[in-house]
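Heads up, there are several structures right after this.
What follows is chain A paired twice: with chain B in the first complex and chain C in the second.
And then the complex of A and B:
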């Protein structure tokens, strides 16, 4: 009697174990904080997009944005661009931290940040500027 | 009696293995993170679906 039960349980283990590890490999990215950050960044993007296109602002290796070519911005608009960059970076850092926190792994923040850094650049439109791993700027 | 002992010890073993499996799984899920990142970037940048973007990107890479 114990032998068939043993076999059945052993069989169940083989099915259950991979399933559990697979389910745990998801990333939670849907909390109210993340939704708010996405909205705030989406609104800001309508202003920032022109500066990405003109080459004034580019994407850094650490998942943030930075001034790439200040000369591409009229003097009168520089203050605005600087405050847009500061606000965007604040949101981005908060986003990476919140995703790590929402997944109960605050120590993942750095890895999430570097994942985002690659994806921002990968999805960036042609003509936008980004920083390569050696720190030099390149254009998509 | 022996059966019950066997059965309960196996159930205990399985629950231990399953919980261990969840606890041990602390590696960073890179692929899932990439997908989550893409979804968020699409939303922020108001991009079309990921597949189309990926195809475009691949096309650009090829032409370089």
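And then the complex of A and C:
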């Protein structure tokens, strides 16, 4: 189990560090699907970052993202933010499932999701919003 | 209302009586502990008149409660107060409400003429004028508003804590209420709101620069104690976000006609005219308590599906594979709902089209009539002119589908696939607790591999693909194909067994299968991939093949010469390329020896094995691993004949992606590995 977990941590570094600057890394757990999802999330991150900063969007406790404060977004852009959130969450759910599959342990999906959730929050920039374990929102 | 009027009259009479009784004193005052009416209640009422002519009025309420809202310390003062036999008037009053600037007020009240007029002019442009007249049996009241700020009534709106609150906006128009001794008899409202800005605390229900014209008429029918009402609401301009919907523009209209009883709201006729989408007509019954829908009928014809999908449907499909579609065409809908359950639904589509923006599927010129009835069997007719799934083109399809509750079945269906056909039989689908389940049996009539490879944008190949499929089933996002698909390709056969597609239209599609390849012609194979020339035939077993996003991530492959007698020749270019995959030693050896003078060589056997795991291909050669384990080297081509050549591999573990990149460079004919 330690080897897959080690790979998972490496993979997370691969995913999370890039939100500061996506750097290349050779991860054994990488699959074509993960590569695709990573590219998709990278591209979307450039759109989402402003909404993380403004507080409109925050990280949820279950490894996804959600609208935190719609008032921080112009009215006409709120549906766009909804779409970005939905697309990002689809990618994230697929990512967690794919990592579990790549490690030949589909049943790990929940654990991977939980671990990712903590890491997303840990690596979030100062001022970004996240959901605490009791569901309340807090600002980093 | 009647109690209110009586309360006011009594207070006024008491005031007048006290005043006259104390005429000789410069100040008179009146206090009332509390007043209750169906509309409001008030506590701590103090009225005082000062000055010799009683020309100044001071009126104070400790507390007033209206519609559940409480104000404290409400006061009215009047510097020019008139009190005559039957007339009370103020031409220069000031109303003070908590959280508001002092409001200039003028009012007149006559017990003889039976009227009350109150005018509030907060600014030069803004006025709120209330007038009321009555006699023994009836009363009439009117509220006229000119440039009224909607924020002044924000506290009066219901559920201000959970509902959106107006932050800005102007009201113009009037509201008339008439009544008799039993209460209100009719209501007539004509209001226009402009530049309205509202939002709830989350911002998920908000509007900006909204303009709405509202006309509402209601008449009380004493016979059955019901209200007959009708309303017209025109959206003039502005934008509204009502999670997850967003509307902008003008011209949308909502018309409603109905009755209101003690328990229910009866909507006899309703229509919404949505610009760019179309008209929706509806009727129904709603319970006033709990706001539950009891009955509902919805009919819409000739709707523009593009705008309907983008503005109304798509926001609700955010987490599904259908969220990112472009939809075209027109459609009709009819829905009947009775006693809290759907009874029937009909969907008609006219020349519709759906295109997935992630290029997973597309269907064009869809025409369909899909009826559904509870506890009845119906037949749906569906056709489309062409389409594609995972880039594979489909031809025209016409299907009749039997619908029985949520069980769907199609006895026979032919789907043209490229130049072949997929014949489906006994298709059935039903909705289970964990999603849809469907199955069918079928036959794939030969499809040209040339066309298939072109469609899939992979290396062009020739041959055919066909198969008999005893059962294809879909359950829990997995398509399970029982039977075999047969590829007649490279003058041999490839048989795909145990084929499974996991989330084929999802973001992480997986395919698993076992491939058996027999008697493939190496000459055709190597020419197809520009690999250098080889003559001979090979068999290959590729078990446990798994594709992720249509690329291999796992397999156990074993390639070897086919049994039988046939020419076995290999060109120097092919040797160089093979060597490049497994280690450059052999090719370099050729270049150093006299053998470089030969263009072709003979061989007796070919063997290559690859176990792909974690992006690494663990390679082996002709002999089983146990016999070659003493050495890193393994035999890939064993020489035989003249001139003979034996090619050895030296790298047992090769990064798969690196190997694919090398193959790609070789087959593209660029930069040969060894010159």
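The rule is simple: the second predicted complex is superposed on the first by the 112 of 140 C-alpha atoms of A that agree within 3 Å, B and C clash if a C-alpha of one lies under 4 Å from a C-alpha of the other, contacts with A are read in each partner's own complex, and residues count from 1 in each chain.
By our rule, a contact is a pair of C-beta atoms (placed from the backbone, for glycine too) under 8 Å apart; a residue touches a chain by one contact, two chains touch by 3 or more.
Nothing here was measured: the structure is a model prediction, and the numbers come from that model.
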Chain B versus chain C as contact partner of A:79, first or second or both or neither: second
Touched partner set for A:89, first chain B, second chain C, both or neither: second
Touching partner for A:32 - first (chain B), second (chain C), both, neither: second
First (chain B), second (chain C), both or neither touched by A:98: second
Partner chain in contact with A:66 - chain B first, chain C second, else both or neither: neither
Shared contact residues on chain A - chain B and chain C: 29, 95
Complex contact set, residues of chain A against chain B: 1-2, 5-6, 9, 12-13, 16-17, 20-21, 24-27, 29, 34, 38, 41-42, 45, 95, 99, 105, 108, 111-112, 115-116, 118-120, 122-123, 126, 140
Residues on chain A engaged by chain C in the complex (per definition of touch): 28-33, 35-37, 40, 67, 69-73, 75-76, 78-79, 82-83, 85-87, 89-91, 94-95, 97-98, 101-102
Chain A contact footprint on chain C (complex, rising order): 199, 202-204, 206-208, 239-241, 243-246, 248, 315, 318-319, 323-324, 506-510, 548-551, 553, 614-615
Chain A partner contacts - residues on chain B that touch it in the complex: 2-3, 6-7, 10-11, 14, 17-18, 21-22, 25-26, 28-47, 53, 57, 60
